[in-house]
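Step one of this worksheet: look at the structure below.
Chain IDs A, B, C and D follow the sequence of writing; residue 1 opens each chain.
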Amino acid sequence: MSEIPVPAAPAPDVLRCAYMELLVTDLDASREFYVDILGLVVTHEDDEAIYLRSFEEFIHHNLVLRKGEQAGVAVFSYRVRSQEDVDRAEAYYQELGCETRRGDFTRGVRNAVRVVDPLGFPYEFFYEVDHVERLAWAYDQMGPGALVRLDHFNQVYPDVVKGAAYLEALGFKRTEDIKDAEGTTYAAWFCRKQTVHDTALTGGDGPRMHHVAFSTHEKHNILYICDKLGALRKSDSIERGPGRHGVSNAFYLYLRDPDGHRVEIYTQDYYTGDPDNPVVTWDVHDNQRRDWWGHAVVPSWYTEASLVMDLDGNPQPVTARKEDSEMEVTIGADGFSYTRKDDTEEGFKLGHQV
Amino acid sequence: MSEIPVPAAPAPDVLRCAYMELLVTDLDASREFYVDILGLVVTHEDDEAIYLRSFEEFIHHNLVLRKGEQAGVAVFSYRVRSQEDVDRAEAYYQELGCETRRGDFTRGVRNAVRVVDPLGFPYEFFYEVDHVERLAWAYDQMGPGALVRLDHFNQVYPDVVKGAAYLEALGFKRTEDIKDAEGTTYAAWFCRKQTVHDTALTGGDGPRMHHVAFSTHEKHNILYICDKLGALRKSDSIERGPGRHGVSNAFYLYLRDPDGHRVEIYTQDYYTGDPDNPVVTWDVHDNQRRDWWGHAVVPSWYTEASLVMDLDGNPQPVTARKEDSEMEVTIGADGFSYTRKDDTEEGFKLGHQV
Amino acid sequence: MSEIPVPAAPAPDVLRCAYMELLVTDLDASREFYVDILGLVVTHEDDEAIYLRSFEEFIHHNLVLRKGEQAGVAVFSYRVRSQEDVDRAEAYYQELGCETRRGDFTRGVRNAVRVVDPLGFPYEFFYEVDHVERLAWAYDQMGPGALVRLDHFNQVYPDVVKGAAYLEALGFKRTEDIKDAEGTTYAAWFCRKQTVHDTALTGGDGPRMHHVAFSTHEKHNILYICDKLGALRKSDSIERGPGRHGVSNAFYLYLRDPDGHRVEIYTQDYYTGDPDNPVVTWDVHDNQRRDWWGHAVVPSWYTEASLVMDLDGNPQPVTARKEDSEMEVTIGADGFSYTRKDDTEEGFKLGHQV
Amino acid sequence: MSEIPVPAAPAPDVLRCAYMELLVTDLDASREFYVDILGLVVTHEDDEAIYLRSFEEFIHHNLVLRKGEQAGVAVFSYRVRSQEDVDRAEAYYQELGCETRRGDFTRGVRNAVRVVDPLGFPYEFFYEVDHVERLAWAYDQMGPGALVRLDHFNQVYPDVVKGAAYLEALGFKRTEDIKDAEGTTYAAWFCRKQTVHDTALTGGDGPRMHHVAFSTHEKHNILYICDKLGALRKSDSIERGPGRHGVSNAFYLYLRDPDGHRVEIYTQDYYTGDPDNPVVTWDVHDNQRRDWWGHAVVPSWYTEASLVMDLDGNPQPVTARKEDSEMEVTIGADGFSYTRKDDTEEGFKLGHQV
């Protein structure tokens, strides 16, 4: 694909990923998943939408569940430093030739700009937002698996190099990536706030949404979520993990909501705020890159993702990845993956696992 | 197979599983695994054997690693209430027609009796033992994954019903089991101390040793062991888990030592000391019985196990299980397993997992 | 005081401490504390009493809150191995000249014996009890501070040596104690189940009830209870801790309920089931005996305790301790306590603390 | 005191608190404390100084222990965004009339500027620094109490309002403070990175250093440090905690090193990166402001602190605080402090505590 030009207009000063708006086909079923099971805090709800936030959040919402005909992602929304930065975002994308719209798209957020970005993702930038009570001290309201922050988005896109150049021009800083000796990039992580990422690009057929991630304080909170799902006989919503990531060093769990939207529960990555923060590059053949404990990634995690919508709510077309697939180069007899880089033969585990 | 008769002689009063003696083919490699990585405490070591204990233990050892020509289990050893109970054990097994030997078989333990039991397993019963320092308060010596107790043994045997009758006659109390609607028993758990088990029978080709289990205080200790194995690039010694068991409700991890002996790291089952402690029976088709989070059991966990030795150190012959195999009835398209008992079709996870 | 004779009749086979019946002056206030805040499970409740159990319990209750004119302890109740052991208990105490009563004293428990024991405490022994659902797997119902077991009682009595002899004759095994170089015993711990204690004697004016203790799975569960009390602006119900005990090596927290009854939240002591389990004796002048981190014990913890009742529900008279007081010999300028046994002068902390 | 003027020169763009240089009187004793007990990573050491870092750090050091005649703080050092920001810092302080020096003051850091700031504290600003291995994945090297980040400094200064104005002009953002109804400010917290603070001002006789704080991943890591100190019979180095802060919502522990320098171990405050992050103001009479669980603050924590040095290594003179003392207005019979704002009488705890 052709490169995306870098606008002459300055990029907006993005603070952080702020919320995702999901289209869900059964609002009651989604409410059960996100409120009754995961315990997100309801800021507001009506017949059309539910506005949710994490316990340490002070802005109106981190997640909007909106009733839709078709499941998908209405928007990936970022907060910027000032209202002027919203204007900057508008000018930036107009110079890129993207359609932009201004307005109050969700309750609690005002004067935002929405755009379908050059990669095909619906992005929003906003500053004005209602403040709500930060429930960081409300321990009486927290369950054992309390979600305390929105941590990051993860986007599926065919050409990670092209997508990365676009995000870096927009002011995102790369923290980690997965490559191979031939120079193929399989995935990359990018931050604005001082964690490993606000968003990431996973190589694959896209544009699609891979997952949205919320943080807990500690690892036992994540284990509890699994225990609770077991008690509710909903363990089949656990797709992968819990485990330790190589990339990001965080502890993780992947769930699938009633529409199949993937949600990560995440804790304990590291500070990345210095401008010379070292980038960590992982070899795609390192078996510990995605799971530090060497567990295989389930195929659905590689292949399934959510559709993303245009500004009218229609699904964006999906383009196939042309470069090598991480799943194909790492699973099976010809994967040539390793746990210890210089090992000449397969280890115990590889020889015995399915 | 024919039933094992119940002796007229009284059974010994067994306190608990006390230690396992493993034959290992490379003492240095085993020392690295059990001492450097897992952090067991060395009570004594010489060129032939290493005597290890857990941090809260006050008897001489919970594990003996002995250099052998062939990997295997030299003995499953139980402590009894008194020296008279050692005599009772000797008489009990003699009445059963088993060969018995008396003596000081390992350093620190005196006047024990060893026997090849009617199932073909090498069992020991002892009372006299050297006391050593209980390091329960020695936090300065504990690593982040400190093993604090020996918890249980697990034995593979073809006929679980027959084996269970023998163990129950010996005074073990059943706490949980896995069955199917046709009456087949796939596995059963038995205790003497007030936890879910001192030993268990796993249906399969046997007699073989499935695993030996040590306890940590908390779940994060177990997660750390995985993180450490990753850091040492030894994640391929992680066979299964960490996860939550359905059976026992404990948090678990299965490792394989350099000889392939399976070690479980285990924490937080429940009190079973009342005589009317309720037995929990699980349906073999319940996907949450072995992993509460619904994760599939890796085939090696079902099929691989350690040989057990006779009193002269030669491997006991292995007999094939004739009843249905838990692995075969639960894995694959015809497994008919479920997460919610009344579901008529496969759930999300089953449809998407390998 | 004179010694308590040892009956010729055999002692009952006590399994464990099973429940305490508390008299409370405001049933609603107590319900808020034990159910809404601490999250104990309600087995049954009516206008007169609330029957509560911990999550891993399978018998009807571990705590009865009964409306009373005056706050106090109606009974310390132990479960025994069989109905014959209830009869043995009755005969045992009758030989001691104690008043005994047989009957169904609380809902769910049948054919028990109650007695005012020779020390003046109301004790009950029972075997027959309703089984209820063991909620060990009901993670969806557990809060972040879930109480999973009743762990122990603690009794205040003037003469610990005399009281200990009585408990040991009854079949309790001493696990730890606090003494001084002159031979005074300040406190002692006794078990039937395989933990550090089912009950303990704390030297002081008595008979009174010092505390009743429930267990959590992990330490973070105890920290959460403090966080929740803070969020509810009820931090003044935290009397002491959280901290690490020297004695028992457990992690602890002491709360006071609305009537001032002391409740300990406790986790992670050690296995004591072997007959030769080593007794740990602590020097009363060791600053780490009651708090391993060296924090001073608040005076109320030493001086305040609940009245205990006779079989008609009237308070038992309290007799003053005549031997040295642990509080007096360890607090203040003349306490001569130490952190390092051979230190000749006070350490940093002692010199600077109030 | 007179206000500090705001320079016309732009303030440097400070990234974060980066390291503290401590003067210690016994390098071996300090090494034992920071390396053997707390487990900080040694980047370099020689006869004069030890350079230490936390496990997730990638710059040369977070703490320098330098042998000195007298204990004190040689510098509070901040990293800035670029070398130009070091020049900006130099110009900024020169305009304020402060003495400045340029150079390589510690191994691994180059071309820094040091200054005695208008409050009398030795401050450093640097950009150029040696990168070292980030040991975030080195779980095999981490102990159970691993310190993973430098979190913040805390400075004692008589006039918090004046000091705050200076820090805010320098670009620090206030996140929380403690005040009373009369308008007195007792303490305030300020951040550059996206946590609750990079530094804080505690009202008191100053300039002095109150503490330097390191983070752990989880609360159990902090509890372990206490357990280890107990095992080493060094519990008297625990001054206060562990506990939960009201301010910052973090879990904390205060230790004293062999020279009396105070070190906080800290975990789990909240994200503060948005420009309109809500400031939390606590009433000085709220008993839960400094300890969410309502425990009294030990007097030494209020009164003791480390001297800070001028650029020649001589102690800065200490000026007494003239405004009300937080300790005096909150401890004792006339403190008028509360747990529930509208309570008219003292609660249980206040009435019974020493």
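We take it that contacts are C-beta pairs under 8 Å (C-beta built on N, C-alpha and C of every residue); 3 or more make two chains touch, one makes a residue touch a chain.
Quick caveat: nothing in here was measured; it's all calculated off a predicted structure.
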**Fill in**
By Cα centroid distance, the chain farthest from chain C is A
**Fill in**
By C-beta contact count, A-B versus B-D, the higher one is A-B
**Prompt:** Could you state the distance in Å from the CA-based centre of chain A to that of chain B?
**Reply:** 42
**Prompt:** So what's the Cα centroid distance for chain A and chain D, whole Å?
**Reply:** 34
**Message:** Taking the mean of the C-alpha atoms as each chain's centre, how many Å separate chain B from chain D?
**Reply:** 50
**Message:** Which positions in chain C are in touch with at least two other chains?
**Reply:** 137, 218-220, 227, 230, 246, 292
**Asked** Within the complex, which stretch of chain D touches chain B?
**Response** 137-144, 146, 218, 220, 224, 227-228, 230-232
**Request:** Give every residue of chain B touching chain A within the complex, in rising order.
**Result:** 218-220, 223, 226-227, 229-230, 233-239, 242, 244, 246, 251, 256, 260, 287-288, 292-295, 298-300, 304, 339-340, 347-350, 352-354
**Interface residues, chain D side, partner chain A - complex** = 15-16, 56, 58-59, 79, 81-82, 131, 134, 136-137, 148-149, 193-194, 217-219, 246, 249, 268, 270-271, 273-278, 292
